[in-house]
């Protein structure tokens, strides 16, 4: 994972990197249409911090809200009593432009890689009437047995829901 | 707690271990002593999510709490009226073991790269009486003019405070 | 304010009190129609606490979200630079039934009393397809000068927006 | 900080002062010493809202943090698997002075009424080196069976812990 934002140092909001995510030599645009699932998300008064915009940590709240709603509504995830749950193993966000209450945000979700027991989601957050994302990120869920918390195969209804979000690209 | 997602059998994503962060060919341990600044952080009832542990997004709340307290207390950052503020351009977290209320956490902070207008912090979160981090992450601040929100040189008292956290290593 | 929940002790979710709010000898129903402004609010993954439902503190986040959106969208409140801001002086919530992610909530808002510099809002939160509120509460804003933080007369566009939410009742 | 909304000229709502809470004709001071249990609480960067102080909803996060830590550490409450859990039935807060990150807060906790299955806590939040509370509030827990969610008698170790916080006063 080449996770050094080296180019970021003096060009913090460089759109060239915000607009594309390089993965294994391929490039996937982060424009809205590149996300097969999209969901409008409300901001809240308390999201804004002292600098007047949504606090950086809340972007991850948006991420796992759109992810878990997909898993619940499309994959039948039972967050209260199901035997398999998804735990976050890794997450990342690149902030390109501020968002702020009372804006409504559109979140885009796709699956970048689907493994036996884990999945890597890719996300974009968009302000209304903008094509360029205000933020892009990714988030890794490992599915584990609720009791033992050991990795387990993704059960079928969940896998089917995740497969519908897989995006494949041939080249960059 | 034997349930680390980081130990999952298939290791689906390229990763170093939770204990090391690769940066330009060097390796910096993520053990407590590798962080020159450490701060105890309290957890709160509301941090725990439905799965019984601190929600993944709150780790970033811990990150910018320890960072901003350093900037305020050591660097004289004036979050209410100062002309220069730090905005988050990128953040990342790798989760190795769960944390949960009512635990007390120790956060470790160091500076991995200090540029003209930006800084990359590296962080570790530790449960009590453990040497291995429950989570490691990094966080990029770009310092901008409060009014124009354009990148600006890090002013002197802040730079001096950040320099005290710079850790350099020669090899891995 | 007779604020002892004495009747609550052994009948915690007693609907008789949840359904009505006694105020100065009058009773206002807390059914949906009793709130002139209503807004759908999304829940988020992180709202749920370890007991599986929206944490009690988040109900107040819902309250000031619906309140501030009204002030901004209908009254022209400028939260970033306006000379008058609303600060919370007192708040209260009675919880009648649980709410939980991924539910969508409907919030109801009315004004119970409108003073020279302050306003008391009354709120209800409803699960979908229910007539009885899951929670009722109230919230007092005092409008102050942003710089001095001293109470100030509610400016005209805000007052007009608030007056549209005033509900008066003659008897109970 | 002279900007207490509580001192606003018109005093629009019937209230006692921030320093006293009237209960059945008795008055309990809200000074620090009136709370048998006190706990320091850290603020976090994300607590501050756009107006520069801790958001009103977070005061309730402070409340249930100090309450639940007492129940866990003194009363043996098992929040993950215990058969009895405490759910919030009602809460209230009066805000007298602002609090803000990076302040450390002292929370005071006492029990105002202890019933068969419910308890009413009274709380005060204090800035450092102040005798007058920045906020006072109360919070009602009803103890219920985890599975049925029906009220149940407070089990013995919890009751003993709560009894140690009961404060009784004879007159005002």
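By letter and in written order, the chains are A, B, C and D; residue numbering begins at 1 in each of them.
The criterion applied here is as follows: contacts are C-beta pairs under 8 Å (C-beta built on N, C-alpha and C of every residue); 3 or more make two chains touch, one makes a residue touch a chain.
Everything numeric in this text was worked out from a predicted model, so none of it was measured.
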item: Farthest chain (mean CA position) relative to chain D; value: A
item: Result of counting contacting C-beta pairs for A-B and A-D, higher pair; value: A-B
item: Inter-chain centre distance, chain A versus chain D - centres from mean C-alpha coordinates, in Å; value: 37
item: Chain centre separation (chain A, chain C; CA means) in Å; value: 32
item: Gap in Å, rounded to a whole number, between the CA centres of chain B and chain A; value: 20
item: Residues of chain D engaged with two or more neighbouring chains; value: 45-46, 48, 50, 52, 55, 57-58, 61, 64, 79-80, 101
item: Touch list for chain B against partner chain D, complex; value: 41-42, 44-46, 48, 52, 61-62, 64-65, 67-69, 72-73, 79-80, 101-102
item: Residue numbers on chain D that touch chain C, as the complex places them; value: 1, 3, 5-6, 8-10, 12-15, 23-24, 50-51, 55-58, 60-61, 63-64, 79-80, 85, 87-95, 98, 113, 115-118, 120, 138, 140, 142, 144, 146, 149, 151
item: In the complex with chain D, residue positions of chain A that touch it; value: 45-46, 48-50, 52, 55, 57-58, 101
